[in-house]
Amino acid sequence: MKIKSKKMIGILGLIIGILWLFPFYMIVANSFKTPKGIFASVLALPAPATGENYANSFKALNFIGSLTNSLIITICSVLLIILCSSMAAYALQRNKSKLSSGLLLLFISAMLIPFQSVMIPMTANFGSAHMLNMYGLMFMYLGFNCSLSIFLYQGTLSSIPIAMDEAAEMEGASRWQIYYKIILPMLSPMTVTVAILNIIAIWNDYLLPSLVLPQIQYTIPLQMFNFFGEYTKQWHLALAGITLSIIPVIIFYLFAQKWIIKGVTDGAVK
Amino acid sequence: MVELNLEHVYKKYKGNKDYSVSDFDLHVDDGEFIVFVGPSGCGKSTTLRMIAGLEDISKGDYKMGDRVMNNVAPKDRDIAMVFQNYALYPHMTVFDNMAFGLNIRKNDKEDTKKRVEEAARILGLTDYLQRKPAALSGGQRQRVALGRAIVRDAELFLLDEPLSNLDAKLRVQMRTEIAQLHQRLGRNFIYVTHDQIEAMTMADRIVIMNKGRIQQVGTPAELYNMPVNKFVAGFIGSPSTNFFDVRLENGYITNDDGLRVAVAEGQLKTLVEKGYDGRNLTFGIRPEDIHAEEIALQTYPDAIIEAEVEVSELLGANSMLYSKLGKTDFIAEVNSRDYHEPGDRLKMALEMTKAHYFDKDTEETII
Amino acid sequence: MVELNLEHVYKKYKGNKDYSVSDFDLHVDDGEFIVFVGPSGCGKSTTLRMIAGLEDISKGDYKMGDRVMNNVAPKDRDIAMVFQNYALYPHMTVFDNMAFGLNIRKNDKEDTKKRVEEAARILGLTDYLQRKPAALSGGQRQRVALGRAIVRDAELFLLDEPLSNLDAKLRVQMRTEIAQLHQRLGRNFIYVTHDQIEAMTMADRIVIMNKGRIQQVGTPAELYNMPVNKFVAGFIGSPSTNFFDVRLENGYITNDDGLRVAVAEGQLKTLVEKGYDGRNLTFGIRPEDIHAEEIALQTYPDAIIEAEVEVSELLGANSMLYSKLGKTDFIAEVNSRDYHEPGDRLKMALEMTKAHYFDKDTEETII
Amino acid sequence: MKNRSLSFWLFLTPTLIALALVVFIPMLEGLFYSFTDWDGLSFTKVVGFQNYATLLQDKAFVNAFWFTVAFVIVTVIMLNVIGLGLALLVTQKFKGSNFLRTVFFMPNMIGGLILGFIWQFIFTQGFSALGTTLHLGWLNNWLTNEVTGFWGLVIVTVWQMSGYIMIIYIAYLQNIPNEVIEAAKIDGASAWQRFTKITFPMIAPAFTVCMFLTLSNGFKIYDQNLSLTNGGPYNSTQMLAMDIVNTAYNSSNFSLAEAKAIIFFIIVAAISLLQVFYNRKREVDL
Amino acid sequence: ACGNSGSSKKVKVTILQGKVESNKQFKQIAKEYEKTHSNVDIEITSIGGGTQYNPVLKTRISSGNSPTIFSLAGPADAKQFKAYTADLSKTKAAKNALPGTVSAVSTNGKTYGLPFNVEGYGFVYNKDVFKKAGIDPTSLTSYDKLEAAVKKIDSQKDKLGIKGVFALPGKESWILSDHLMSLYLGQEFNGNAQKLYNSKSIKFNNNADMKQMIDLQKQYSVQPVMQMDYAGQVNQNFSQGKAAMIQQGDWIYPTIESVDSKFAKNNVGMIPIPVKGEEGKLPVGTSLYWAVNKKKTTAEQKAATDFLDWLYTSKAGKKDVVNTLHFVPAYKGYEGMKMPDALTQVVYEYSKDNKTIGWAFPGYTGTSWDPDVAQPNLQKYLSGKQSWDKTVENLKDGWKKQQSNVSN
């Protein structure tokens, strides 16, 4: 009986999964088609298949260079976000006062501000500080994305028993040590989640880097927009480019999953 | 030299109506081994947590020597603590759990390793050093919690029921280890336990609490022999003291259940002097001071009751007779050699010199 | 009618090298009260969890009557369980924690309320019904865990050290309540404890385990009086049986520590018959079978040893003498009336008819 | 941690500074600009509440508002139900559950424009092909009117975001101590009962977070709107964010756009924070 | 022409422009220019996607990081960036600009932008289909002739292998609101965007003609019209021979070519849309202009104008304009050069022959009337949700309202 229901769940999952994957089938299938092939029938399999799009897209995107930029920006920003926002969330969650709920409110409300309304004043300010570059961008990402991360961390922190802090405190650990040695490792499933969500957001971001980055620091999405002219959209190259650019993310995700799956807090306090 | 002073300490948790600890006043000498005992929920852990600095003190002062510690951060108090609920770090191996406090203090790596391995050996955890707490049995986890404290060389050790989940044999062993540690380090230990034998054997002094208040502080023998009130008399010793409502008349205590025994001479004098003659009071006698052997019946001819055995429990050398005298239940601990069936009516002799008398209203000890 | 059968059950946790439970084979009759005892980490909880269906059985079958239960989901087994680590629902009040199992079964609301309140009364939790577990003391939490089980009317009760965090008095009380519950419901109970008194007084049969294997199954008296091996003899009874390495020669057992006592007659015959004459074996005697009173010395003139007392512990009526005979440590439980100082050299009489003898290699009991 | 303690502030400083510089200070500047005739570069005069008066009569803004509200209601419900459902599905231990996680999350890995392109083809060609073979009329002519435009947006959003929501739910699900679930099993709770009585209450923080996220993202949604319908046909599927952007860039009316953004912020903040507070009340500290 | 020498320091010219599809080509040209002008350093950034360009330019400017040269899309842009646009009327390129091509960005005799190029639109047709149908496309000089031809083609759809005579992309509202309406509305303003931009009201007298043209295209288009976008129209239908003609411009050539280069080379042609009173004239205009940042140093401004002059008037530059950028030049002096493809050739020839009408639509594409009023109303009519009369009324009212608000 147990086995049977497992199978049923598996089959259900498979059906939903196929439904979910269909658009990806379209992306990948069309990325192997000639421009003519794409529009002859978008739904069909590529016939004949060509790898040319990938070669061309690779060149046009300056793939190695922009991949490097994307990686540097994404990795640094995400590390910064994880560190700073888990710290902040820890401070806020372990302090039960009006002030900290007020601060939390402030953080949360920052998420509601439409980006477009701060975009111009913000970049103007950063520009006058000569910070319109990679490093400025990382800092901006911290500002824009820390709220969500804090919010996420804050929620899980309540399930890390305060006894953990207390035990470490008794052993003479400082606040920082408690955070760094006890809390942060115990948060790791959430950290992986936070990392994934931020990586996705930053990896794909177009608007903000387009305002901030000098051409030499262009990321993949910025290069990708060269395929989207006013009238002519080079879908065959864009689709190949997309496929190329999500591969690193998928690889990361597959690794990260192992982490998420490994629930760490399982019943070990007592 | 470290003396601890708890001066009229109170604690009320947020959201509670009542104080969990009230007017807790205790002086602990340098190097003393103090044991807290008391019924579940009486405030033992709370007191420990205040000493550790994990709970704010609502009122009163906690001092080390003359220094008021109320606002000192826990990490600066140099305390090793075993939590009642272990509080193991789930993401660390057993080794790392035990080494954590030492690593934080930048203890020499080699020395840490040596100490942890030594502690693991003592605790029988050597095979488990690389496991995470989730893959341990209950008792193994508790030993890790204990290990975390014993590797440390702290100013003060707080142990909250560190052995409750261990088997008798291991418990005896651990008791010895803790006693040795105490002797070796000469630090103050405060130890919470529900195990009377632990309390009796380990403590320099026992603090017995009830409903957040200290009832009595004293050496094990003092508590056993001179309880200050009915609560202490009833709490110390297992099974606990039997109590009978009686009336003192003409040197005898009597009641409607058919109890009529002569009060021991010296005690009678005190009772009469204190004006209890002709009044109701509570009479207490321990199970081990009730005898059923022929020889005892002969020795105490005017302290004999006839009771009915309801249940008889064999506990090795002795048996517990759960008995009834009229409406009052009591327990007698008698030699197993004399076998008694449930349902037997049986003569028992009370060793009246060991008896205690309590005021019926205040429940204070008269003698 | 429910009989439980555990047929050669094995359990290996993922990631471990060894089996945590091996070849566990037990038949439980309808309505029996079984107690599991054994050293920490011996596999008691694991066995319980397999019976509950929380762990997969690696090998072997668990049956109720004739029905193999291995693949039945826990929720369909109709079990009430007290977890060693409580496993309270943190988001529910004490009331809701206890009522949960009944509500799930769509028990009548009124009845649920009545039952929970009754349980709370028994457990002394009436004042805490509206609190969340986080605001309870350790013992109170444990009582909630117990309460969750006792409100239920399950087919099978599994209790994993349900009283370890309670004080002696409350523990006695709870013991009685559990015994009454067992009587009233007539269900199977499996009970894990480290408390020998609990084991001895509550069990119909005791299962004693070591390193994942059953050592012996029997009534308390059987285990106490007829241990099948040295492990059982050493484990049952507290303090535990004293063991001496000896050599049987001419009706006497002797060793280099100066032990030389006559073997009791009946026992000697058996020993010789089994061919142990002139061979080394292990001699065991319980602390309570070692006496220091004059009268005993006179009664057992050819079973006298002279030992040195190292520590003397007063435990109410009796005292424990931690003593040394040559290189061998042992404990004697003697009457407190005869006071002995540490350092005293003392004559003690061994009650040789109560002695046990074990094969030196197999550690099996000879007699 | 005491809030008078140094560490409390030290832990908060980096994020507070970043937030101030990146969000709040520019926001205040924007607030100021909304009272001027700012054109994105400079302003000539302060006009008081004129922009706010204008926007109240702006039919496009009001239309966008109601369209967005409807969209938010539908997607918040669907995303949370489906996201949580997927999370529960893939946290069951069965073969391929890990693979499925990746599958459900993958839509997040591609950005807005491509998404719109792909889905346009699914709606226009995939749907009509299906509609013709199955003789289902309603599958034809998608995205050509307000209703199909609306549901098209909903479908794309759900397809994309539910993996996102799933991830968050998974993270919280993983945090529930196993022993509590075991206790519930012993208490006889069925899978569904375990979910409603134990799991769900214990992941209440996740629910709060996800409600908030879906709510605020629903209001702020732009990319999908742009790439799938671009507000069309006849601006019937134009949502608030797009209306604001268009006001700013297509009509070069930056100060009006700022005013709209402020009003928009106030509305969304009121709704979302109300929701957060309502939900936070039900959460427990363990 | 040489930059100013003397200073050994290189002059940096940063360019921000909105024609992404030419990004690569511009970079190549810049590199070539740097080779012969060693003291200039040119950095080109291309931003595309319509709404994306404008915010980037604004943030660049407001953060003190403004480009030396940037592109403008018409009078509305010119007005917005007035404070930054230098007068270019003295440049060689401006002097050589074809008549009318700079009027949209000129005020009071000052020129603030130089056209990238000229573009033209009309009906791009499939030569093969027309031939098979037996129709000479050049003969379709009036609406009636067009209608007759359309009906004729439509009647042999299957034989011709097409799905519709037209492919009208209902999703791309600018096809109607910008290109088509420009023809009918623009008549009131002689095709002058600047005039239209400044007018308080519009009469739109020729609206009935426009309706006729919309209806025709809709009725004989590949269906469903409202589902079709640019890619559907060009890539999917026209380039694959599924539509006989589409209303589009010369800019679609690269797209067609990328789909089927043979088809592009042999099969495409373009005829003017037959508008009453403007028969035989092709609407030709400019969609992007170069502006030079007046806030930059004179040296930088000089280097910038030098570059633009070089590009459009030097021999090497001209070659690049035509052969690298595939632009139809908006300047004089390109006589005898062959345009790279069939469609640009058409445009070039019409403009050479002066058979053109100006683009009026840049006069409203930068205003909110276009996206907020014109496009939705026309789409409503197209999808049958609104009558034509109501549509026209809304268009007129909307314009009046907007222009009274602007009140400059």
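A few notes on this one:
Each chain gets a letter, A, B, C, D and E, in the order it is written, and its residues are counted from 1.
Note that a residue touches a chain if its C-beta (ideal position, glycine included) is under 8 Å from a C-beta of that chain, and two chains touch if they have at least 3 such contacts.
Quick caveat: nothing in here was measured; it's all calculated off a predicted structure.
Listed by label, the chains that touch chain A and also chain E are D.
Contact analysis places A-D first among chain pairs (by count of C-beta pairs in contact).
Legend note: the chain whose CA centroid lies nearest the centroid of all displayed protein CA atoms is A.
Of all the chains, the one whose CA centre sits at the greatest distance from that of chain B is E. One finds 93 Å separating the Cα centroids of chain C and chain E. Each chain gets a centre from the mean of its Cα atoms; for chain A and chain B, those two points are 57 Å apart. Per-chain CA centroids place chain C at a distance of 59 Å from chain D. Residue positions of chain A with contacts to 2 or more other chains are 119-120, 125, 161, 174, 228, 233, 235, 265-267, 270. Across the assembly, chain D contributes residues 40, 117, 177, 179, 202, 245, 248, 284-286 that each touch 2 or more other chains. Chain contacts: chain E has residues 55, 58, 62, 231 touching two or more partner chains.
Of all residues in chain D, only 177, 179-180, 182-190, 193, 197-198, 201-202, 204, 284-286 touch chain C in the complex they form. Chain C meets chain D in the complex at residues 52-54, 73-76, 78-81, 83, 85, 87-92, 100-101, 104-105, 132, 134, 148, 152.
For chain A in complex with chain E, the residues that touch the partner chain are 35-36, 38-40, 60, 119-120, 123-128, 132, 207, 210-211, 215, 225-226, 228-236. Only residues 13, 15-16, 37-41, 44-46, 84-85, 124, 135-140, 142-143, 160-161, 164-172, 194-197, 200-201, 220-221, 224, 234-235, 237-240, 286, 288-289, 313-317, 333 of chain C touch chain B when the two sit together in their complex.
Chain D meets chain E in the complex at residues 39-42, 60, 117, 120, 124, 140-145, 230, 232-236, 245-253.
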